[in-house]
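Read the structure below first, then the notes.
Residue numbering begins at 1 within each chain, and the chains themselves are lettered A, B, C and D in the order written.
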Amino acid sequence: MILDPIHWAALGVMGPLLAGLVAMEGRPRAIRLGLLAGIGSSVAATAGLWVAVSLDGPLRHPLGGWGIPLGIELYADGLSVLMLAMTALVGTAVSLYSTAYFGDISQRSVRDSPAGRGARFFAPLWLFLWGSLNGIYLSGDIFNLYVLLEIMGLSAAAMVTLAVTSQATVAGMRYLVISLVGSMFFLLGVALLYIVGGSLSMERLATLDLAGPLPAIALGLMTLGMAAKTALFPIHGWLPPAHAAAPAPGSAILSALVVKGSFYIIVRLWVHVFGGGAREGLLVLGILGGIAVIWGSIMALRQLSLKRLIAYSTVAQLGYLFIMFPLLFPAGGGWSPDAWSGGLYHALSHAVAKAAMFLAAGSMTYAVARDDIRAISGVAHRLPMTFFAFGLGGLSLAGIPPSGGFVAKWLLLRSAVEQGGWGWAVLITVGGLLTLAYVLMVLRYAVDQTEEPEAFREVPRRMEWAAMSLALIALLLGVRAAEPLSLLEAGGIVPWR
Amino acid sequence: MTPLALYTAAGVGLFAAGLWGVVTRAHLFWKVLGINIMGGGIFLILLAAPPRLDPLHADPVPQAMVLTGIVVAVAATAVALGMALRVAARTGRPFLDEDVPNRSAGEDDPGSGRE
Amino acid sequence: MTPVLDWEFLPLLVVLSSFVPGVWIMFLREEQEALRSSLNLIGAVAKVVLVGLMLRGVGAGAVYEWRLQVLPGLELSLIGDALALLFVTLSAVLWLVTTVYAIGYLKDSPNRTRFFSFFSLCVTATTGLAMAGDLFTFVIFYEALTWATYPLVVHRGTPEAIQAGRLYLIYTLTAGAALVLGAVWFQVEAGTVAFAPGGVLEMAAVEEAPVRFFSLFLVLLAGVAVKASFFPVHGWLPIAMVAPAPVSALLHAVAVVKAGAFGVVRLLHSLFGIEVAWEMGAAGLVAGLAAFTIIYGSIRALVQDDLKRLLAFSTVSQLSYIALGVAFLTPMAQTGGLVHLVHQGIMKITLFFCAGVLSETLQVKKVSQMAGVARRMPLTMLAFTVAALGMIGIPPIAGFLSKWYLGVGALDAGAVWVIPVLLASSLLNAAYFLPVIRTAYFDDPDPEGWDDKGRSRWFEADWRLVVPTVVTALLALASGLFGGIPWSPLGWAELIVDRSIL
Amino acid sequence: MAGLATTLLALAVGAPVVLAMAWPFHPLRPLAVRLSPWAAAPALLLALVHLVDPAAAPSLEAPGLFLGLQLGLDPLGGAFLLLTALLWVAAGAYAWWYHADDPHRDGFFGLFVLTMAGNLGLVLAADVLTFYLCFAAMTFAAYGLVVHKRDGEALRAGRIYIILALVGEVAILSALFALGTAGGSLLAFGPEVAEAWSRLAGEPGVFPPPEGLEGAYPWVTGLLVGGFAVKAGLAPLHLWLPLAHPVAPTAASALLSGVMIKAGLMGWLRMLPYDLAVPGLATVVIITGAATAFYGVLMGLAQDDPKTVLAYSSVSQMGYMAVGVGVILLAPEVAPLALTAVAFYALHHGVAKGALFLSVGVGSRLPRPSHHRGWLWTLRLGVAVPALALAGAPFTSGAFAKSSLKDALSELGGPWYAVLDPLLLVAAAGTTLLLVRFVVTLETRIGGGAQEGSAASAGGPWGLVLPWMTLVAAGLLAPWWLATAFPPLGGAAAPSLLQDLLPALLPVLMGVALAWAIIRRPKVLGSLRGLRIPAGDLLVLLEALLRRLRLPGRSLANQAGWALRRGSLRLQDAVQAWLDTLARRDPRLMQSPLLGSILLALALLLAVALW
């Protein structure tokens, strides 16, 4: 059948949301159905858009006729498709994992017990989240972004509190507050931009001359809000407890995907709408990112809770994403494609690897019933596959070849060296070593056979396989990097102006 | 002083006040309230947006935005209050306690959805 | 001569021949011993056969290339030329031998599945690294090697093993990071990372910014020097001795240290080009560093009582012969360096095999326990003697040839200072090897000190331990005794230098 | 004939090599051991063939082996081969019975053939590296023979031996590096070596020496001389010799003193540049040689173990030969004559010294003299003949060799002759004295080993006596076959034995008279008993010195190491503690007032940046 490719986009957004509604019903069958629908729609949408975009560049579709100049529209280019693909990839694995993770909830009694609530509400929340993420990647105007951000924030915060512990609740609440405040900042920025530019379409805004204080303030506010949601360095404190407290699949989603949503918006704003903005602004972002790399890694090194460690590593890895900004627009003017591909490829490979790690960590804690590094001794022998999944994910994170992380790091390094940005180059290298340090700390406990864990629960194969497959993909990303990156280039001219 | 400037100033003031509340007030209810006040400030600014097409008719877009915004805000507030209540129920106090032990998360956190 | 196979994917097959068994074994159960061993052996034999095919082809002048694009401008490339084959053949042959040895050494010990899996992966990385056609591929396999060997180092799982592994990783990973940085930098400077005979840098470009290029060289050198165990960064090697004997053998003779040494060769010859390297003083630096390491390692070895530690320090010293040789411009010196890559491998693996046989069969781990051990283990100690004398440089064992070529080559290059270094190291080698031999043959044994596992039917110990040891010892003897024929390591090294594909 | 010679050439080296290779394999070992004593037979045959037909000069090349092995037989080689093969056969047979019931017999013969392979190989080697290869093989295998007894004394001797041997090897190798650089790896003896030397020396104005080797020429020659001097036992590099020769089993001592030290001499004769004078070095060599000739005698007199006495006599005898070598280096025109003389000397000394050493073994294995007078007199006769030869009594090979050396010196003439001739005369007298000393010490030992080593059980001492007698006879005949053997070497025609009867007789008489005088006077004898110099004279002082030096260095190093380790550990702890506090503080970043200020700060920062 011949479809206007943009319908794929609509499918990508609406599919998961509707599937979420189905899953709300709560019985295992409904949940499975919903997840299947969500997976199907997202994968289909991604595939369709991938083909379409790589064939004939970016796509636009005015929703309900509100086109340019108002521009309430769907927009898809290489970047969007890459993020969609990332979401679909990780999402599928996590969905499969979750079906095994929450155990059997066929009896109503179990479903309604506090423990069962997690099992019951995970799927719908996740599907809403999925829909909103796809929406964010596909929306072409900033107000839609706000709405979708709110959906994302609410369902994400709720997902944290699925774990029925006081810590989880507090962490979730804090997360909610932060993300609501962040959205408010964003909305204020939107308002100011509209007043200045009279349009909401990012493409339209990009064509305007956004000089003067007001746009600058708007950009600053939006960036601040999104930085808070992305847990950029000084505002990162909410992330570790939240991501650590959520049930494992939730942690994977939060760390791998949700933070990328707000990061994506920052990229759109700085690169596309503002075409680099001011060099100093880029530097600020980069420096904060740099600090995040070091700080997050050191914090991770000092954790004893496995999931908290991984969460802190997320803080550090997000720092890498921000290092991209100053590299994108070299001091001498111009544009560094290496930094562009490198940064976004890092986003992609981080998503895959981090999800693999969290899922693996989930399996470990699931097996030993404790979220403590010291408790996982011997896991390497009981759960070799999980162990390898965690290891491979970690190595990809640290940029050990062959892995997506390595390719990303290579590109970032190259752009840094080309611009003579030795500080950045050293930072990237050192960050990699620190990453290794905490990954190895975990592995070292896992191989330790001196003390046997007292209680050891069998882990469903599906969980192990889900984590392993993600890890292998992270590995594969290091060997076939050409295709995804070519997609990035296919997505029209970068930046727009 | 143009109405836009006036409204904008007022809006920003509200925004700041709300933020102040969110940050300084420990009680969750105040925080939620603060967020709503911030939203209110933004809506004020939007409504003051100058007519874009012709000076007689107001610009429908900001109004649409405000309406949507209010809907979203209501939903968010609901969720937030609900969660605040649960916090109160779980910890016994409607605050975001900071003294979550850091290096010993292992003891009281099974780390997965079962208990 | 029969027509040569021109499969360009032969290099890939060589790599896969150990990769596939490695991965497969990883998913076997502990008790599937027969399958595991046969997988290993099949892989090893297959690799030897494939390498044999390539040898014949390359001998006839063919070059095998296999490429896979990763990014525009970056590709995985495996190239089987004479230089690569020198190293590949070494690892293929020694892997086969070591596999047999390891099967015997680890019989009924835990975690063999993991062990053999990574064992194969380790060799995969080594062969890949040997045939890497550009720096990018080299880096990938170089790092992969680190990860493949780590589980082997910590195999025992004891606290000191873990500790040693930790140190090993700290050293090698830092080096790896430096190597990556250097590689990227090199690509930016030179526009390519492909290895080319005679280097890819123009003299003019280097002379414009000598400081920049020298620091670039230093970064890359730091990357490879750790595995090559140059003086300041050799610390991991002796400590990695906690690993089981086959691992130490592989680590010290073939895989890790040779990767480093080979890296030095690539760095000097394929990236910078030896002339350029001399011009900018880099090669001189390497030569000096190597010379110092040679002496230093030998001196440290003097005071060791633990046999394996002694061997480790001897490796530190012997390894630098390679760097020393290839750092000179004269063909003879380069030949000496290259051929020592093989010679040191064969001799050192023999020594470690012997150490393994002793510790496995008699629980003898220290030199002081070896009194009269030759009466209980004549063949083993004979092998040990041959290898040790070879290390000292006694003709006609392989070691002498390397030394001869190095010495004459160095004098050709007018570097008289090398001679005292070589001779001093010979004397020091003698000073720590001969006492071992003496006590093994001429002191009175006290069997109470031994925990004797007993003889096997035909041999003084499990045949899977003794036969490989003897075989490698004979190889060491043969490659010296038949150094004159073209297929000997020496002949092949000369071929490499003559074809000037260094 | 040529074909046969070539075959024998291959066999001469091949036989011992094959046996050595077969030895490690258990099934083959008994056979190998059984054949080992006779492994030198082909070599002996070859030598005889060469003796009969000096024209037969077989040669073999194996370019594939090592760096290209070259074997060949030239007059000089022929002469040494005769000696070497003869001694090896005799010693082999002797050892077979001597070690009849020695638990370590198999091991002994394993090393025996290996040493033999090296020794014969270096005699037959036709190029530098082959020579070096065999030389090294012999040196290291001989270590096993030295320490055969495995007692502390033997092991000490072995240690000294191997250390000095290594120093020698290294010196030689370094010289060879230079030669190889000048002339390539494959250097056949004769013209090619000479070529390499001249290239190394360079020709002022014509062509320079290789770059980096300017002025290296004297050093290289020096290293070569020094390196071989260790093996030849030239003072002060002789330290190992008086230790090693006595402790080794008798057969081995005979070989060590008879042929192996000649390998050093062989090295000199093969590799030194004859046609370019090296006056400085030559002077050194001659003086050292002469000094050694005396030194050996003096030290030897202070020993009371017959074998040690013999060892020292070897040292002094090698001194004579060194003088000959010095002459060669000093004056190329005298070279042929001196060469002949040295070769004579080597052969004569080898046979005689071998016979004497064997006689020691025979003596110790003899049943108590009280009831075997026959044996006793045989022994005394058998000792007298080689002893006289060594002393250089008329009508013996000794006289023959000494006179030819003297001829060389007189040919050289000048002050050298004036000084050296009387000196050597005195030294010869000393040799006689030394031999008397030997006989005396030997008498005390007769039958000493009879109980423990039961040669009687092995069918009477015949097994020992026959080989010994063979050597004695050979020594007796030496003058005559030497004369026939040597013309090819280009030396002067064999001097008639009558012409210098007196000069030959003189030193012997002097020596005997002196000995008689001493023995007659118990007081003098007693006072002489007082001075005992331990074997390996200077060595004792050296060892004491080293012991002093070693200790402090090591302890210092250890302390430094420990301090370093402690420091690093403390640092680690401090850093970790600090990081922990950081980690504890991190969550506070979310606390309300702090968060507020952070947001504010960031806002300001961005504002400033974006303005």
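Note that contacts are C-beta pairs under 8 Å (C-beta built on N, C-alpha and C of every residue); 3 or more make two chains touch, one makes a residue touch a chain.
What you are looking at is a predicted structure, and each value in this text was computed from that prediction instead of being measured.
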Check your understanding: In terms of Cα-based centroids, which chain occupies the most central position?
Key -> C
Review point. So what's the Cα centroid distance for subunit B and subunit C, whole Å?
Key: 65
Practice item. Could you put a whole-Å number on the gap between the CA centroids of subunit B and subunit D? Key: 98
Point to revise | Mean-CA-position distance for subunit D and subunit C (Å) | key: 37
Check your understanding: For subunit A and subunit D, what's the span in angstrom between their mean Cα positions?
Key -> 79
**Study point:** subunit C: positions in contact with at least two other chains
**Key:** none
Review point. Listing for subunit A: what residues touch at least two other chains?
Key: 174, 241, 302-303
Revision key, fill the gap. Where subunit B touches two or more other chains simultaneously, the residues are 19, 96, 100, 103
Point to revise | Pairwise chain contacts, counting only pairs that touch as defined | key: A-B, A-C, A-D, B-D, C-D
Study note, to complete from the structure: Given the complex, residues on subunit C that touch subunit A span 26, 68-72, 74, 76, 111, 114, 136, 139-140, 143-144, 147, 151, 154, 157, 159, 162, 166, 169, 173-174, 176-178, 180-181, 184-185, 187-188
Check your understanding: Mind pulling up the subunit C residues that touch subunit D in the complex?
Key -> 303, 378-379, 382, 389, 393-396, 401, 403-404, 407-408, 411-416, 419-420, 423, 426-427, 430, 434, 438, 441-444, 480-485
Revision key, fill the gap. Within their complex, subunit A touches subunit D through residues 174, 213, 216-217, 219-221, 223-224, 227-228, 234-238, 240-241, 277-278, 280-281, 283-284, 298-299, 301-303
Exercise for review: Show which residues of subunit D lie in contact with subunit C when the two form their complex.
Suggested key: 24, 62-68, 107, 129, 132-133, 136-137, 140, 144, 147, 150, 155, 158-159, 162, 166-167, 169-170, 173-174, 177-178, 180-181, 185, 210-213, 216, 554
Point to revise | subunit C-touching residues of subunit A, taken from the complex the two chains share | key: 381, 384, 395, 399-402, 406-407, 409-411, 413-414, 417-418, 425-426, 429-430, 432-433, 436, 440, 444, 447-450, 478-482, 485
